[in-house]
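Here chain A shows up in two complexes: once beside chain B, once beside chain C.
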Partner chain A sequence: MVRLITHNLLACHAKDCNTNNFPLEFKDVQLEIREADFNPDFLKGFMPKIEWKALVDTARQLGDTSLPLEQPEMLDDEFLKNLHHVLLEIHVEEGSMTCPNCKHVYPISNGIPNMLLAEHEIG
Partner chain B sequence: MIPTPNLSHLKQSDYDLIYEPAEDTFLLLDALEVDADNLKNSKPRVCLEVGSGSGCVTSFIANILGPSVLYLCTDINPHACQCTLRTGVQNHVDIHVVNGSLDEPFQQRLSRKIDVIIFNPPYVPTSEEEAMIAQSSRNIGGAWAGGSDGMLVTNVLLQRIEALLSPNGRFYLVALKQNDIPKILQTMEQRFQLCGEIVLQRRAGREHLFIIRFLRGNKTLNQ
Partner chain C sequence: MSLSLSFTGHHDPQPLPLTLHSALFTLHSLSSVLALLVCAAIVLVLVLVLVARYYGDAEAKKYTSNTRNQQIQADMTYRALELLNLPPGQPAFLLDIGCGSGLSGEILDEEGYLWAGVDVAPSMLEVALEREVEGDLFLQDIGQGFGFRPGSFDGAISISVIQWLLNAETSHPTSSPPHRLQRFFTTLHSSLRSPSRAVLQFYPSSDEQVQMIAGVARKAGFGGGVVVDYPNSRRARKVFLCLFVGGGGGGGSGSGQGGGKGEEELPKGLEGEEEESARVRFERRRERERAKAKGGKRKAVKDRDWILKKKEEDEDEDEDERGRGRGRW
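Coming up: the complex of A and B.
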């Protein structure tokens, strides 16, 4: 279950790839929406760790335009519910993620991203 | 008493492919329980278990810390990733699993942002060759084969812990007497100003097991 919260934390770590290596680009994805428990405390606590632009851009690529381009200062319920949905309820079940820099492809299968590198690709 | 996670969904066919929770796992659970108040008081937001195997340990700590923490797990063994997910579902814990090596997938984005790191490494002394083959074949042997002093894999992660931990972060490590605990403690303190303390130790058959907790230098600040 690659969700956008996980995706927002994954960067390409192939050898010598350390600039423009985030966010990874989703390709050929199969999405599933699954409800999760709404927890405002979790969201508020996690917000400082989010790369906001990457999250908004990725959500838009996947068809969700509910998040504002700038992280708002006032965290009202409507915003938090949208954030909850984007971070935790959109599941990428199949597909892949491509590094914008080195073009390394990380496959996703059965909801689990494969971030393993071959011996010669390790930095 | 914090209940041991329900693992009834895992079968022998799973344990042919992944490490079955054993004395080392249970000692780690006991140590987390001993440290439960400190853990809660440190108000963690992000918890990473490296090499989560069955997912038993993360499901347990999630029971202590509750749903306001992000639980991340990595494992090089794809079957272990599936088992970790299933164990999360079985125990009503939301776990985010990545098939990856150690901290690598999160290294860049979570630099100094992880509040709790847990590692029960492949600590059993074996030949270096056996340990390296086990890691590259990404199977069950990778869960225990640790090279000549059992530290082949552990040493790699130890180099990176300081860069991952948040200012108030803590790191729990399972180790064996043969891994040379005094040397681990000395290295971590001298090179990284991470102070290690033994939370629990237990003899289990031939193994003398330790759970070490590391905190950043200034203990009065960290407790």
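Coming up: the complex of A and C.
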């Protein structure tokens, strides 16, 4: 059940991998769409935490082009509904995430990313 | 709580020495002894893997379906939420550290929080999936640290987990308990918003352990400290690390006088023998704060009607002896 809300917070945590380690790149994904309760207050509160470019790029890569390239100043209902869908309703069920820097691959199975590191990768 | 002890999957290889002894008596050729040794080793490994897997899955199910256990975990989760002291009526994104099968996360769902959970046991996460908890789940060893960006979470809870960080996993330096604790607390600290809190209930086996863990947390930058509920009751005694980032200021009343910029005061532990239901206390406080903050502007995170409706359903189910009765069990 990895969704873009957590993907957008997640950087690589392998040893000495500190720059250019975000966002992890999805590969060979299987998606599932599941409806979630729409909560505009939550979304507005969450906006400052979002890395906008990473979110838009990743959403587009997964086939959703509803978000504008620039984070809008006016948060109208249509925008919030699109944001809601992108952050909370697209579930990546299978596939993997690759670190753009060290190329570590985090496999995703059953919706659960495997974040375990090998001994030599622990910081 | 003894149940929590069953997740390491240590199983002593009792039968092996016997098999080997009889083998040594009956076989004379060195090579067949060697061959037998290898076979025995392979069989043993297979058996251990199977047992561990069966045990893992069976234990995960047992742990999760035990009503008494559900109630204990739920109570501690409500108490942790109380100590988190989140601003009332404001949505929050939380981290559940060692979320297991979702007993703690399910309370977060009910209270309308969004959350992500991490756990190192695949069998526990599988049960969480079956139970359809709403948080995003990660297979992760917290002793290896987190990779979440700075300020990702508005708070973190951990129920009955971090005592596990005191066991060394292998002889490698990165798996020594001090190293794992330091990695855990440092990366947790940076993944929390400032100001915010992390509340971690755990089962220490001595006061020295508590002091050691609190010391590592402090070095990692946390304020706050240790809160002990019912310190004199053998049964009800509970230890919480109540850690502050950036003063730990929440919006709630209830605990701490601080307000403003300074460091919040450490909440007091509960006293006496009486165990009021943590859920009742938490929700009463929330109602009070909602009433105080009324004016229509503040809305509950989930649709309030939905929560109320769900409560009613729950109350209906409470008629049977299940105590907490939350539909999905």
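The rule we apply is simple: the second predicted complex is superposed on the first by the 123 of 123 C-alpha atoms of A that agree within 3 Å, B and C clash if a C-alpha of one lies under 4 Å from a C-alpha of the other, contacts with A are read in each partner's own complex, and residues count from 1 in each chain.
Following the convention adopted for this analysis, contacts are C-beta pairs under 8 Å (C-beta built on N, C-alpha and C of every residue); 3 or more make two chains touch, one makes a residue touch a chain.
It should be emphasised that the depicted structure is a prediction, and the values quoted were computed from it without experimental measurement.
**Student:** Per the contact definition in the header, classify A:Asp37: touching chain B only (first), chain C only (second), both, or neither.
**Tutor:** Once the two structures are laid over each other on A, A:Asp37 reaches both partners.
**Student:** In the superposed arrangement, which partner chain does A:Leu116 touch: chain B (first), chain C (second), both, or neither?
**Tutor:** Once the two structures are laid over each other on A, A:Leu116 reaches both partners.
**Student:** Mind working out whether A:Ile90 is in touch with chain B, chain C, both or neither, as first, second, both or neither?
**Tutor:** It touches nothing on chain B or chain C.
**Student:** For A:Phe22 in the superposed arrangement: first (chain B), second (chain C), both or neither?
**Tutor:** both
**Student:** Of the two partner chains, chain B (first) and chain C (second), which one does A:Gly45 touch, if any: first, second, both, or neither?
**Tutor:** Touch partners of A:Gly45: chain B and chain C.
**Student:** Which residues would you name on chain A as touching chain B in one complex and chain C in the other?
**Tutor:** In the superposed arrangement, which is not itself an observed complex, chain A uses residues 1, 3, 5-6, 9-11, 13, 21-22, 36-37, 39, 41-42, 45-46, 49, 51, 88, 110-117, 119, 122 for both chain B and chain C.
**Student:** Which residues of chain B touch chain A in their complex?
**Tutor:** Against chain A, the touching part of chain B is residues 45-46, 67-70, 72, 74, 76, 78, 81-82, 85, 94, 96-101, 104-110, 113, 136, 138.
**Student:** Touching residues of chain C toward chain A in the complex: what are they?
**Tutor:** Interface residues on the chain C side: 90-93, 114, 116, 118, 120, 125-126, 129, 134-141, 144-149, 151-152, 170, 172, 174-175, 183, 187, 191, 299, 301-303, 306.
**Student:** In the complex formed with chain C, which residues of chain A make contact?
**Tutor:** So the residues of chain A touching chain C come out as 1-3, 5-6, 9-13, 21-22, 36-37, 39, 41-42, 45-46, 49, 51, 88, 110-117, 119, 122-123.
**Student:** Flag every residue of chain A that touches chain B in the complex, lowest number first.
**Tutor:** Per the stated touch rule, the residues are 1, 3, 5-6, 8-11, 13, 18, 21-22, 36-37, 39, 41-42, 45-46, 49, 51, 88, 110-117, 119, 122.
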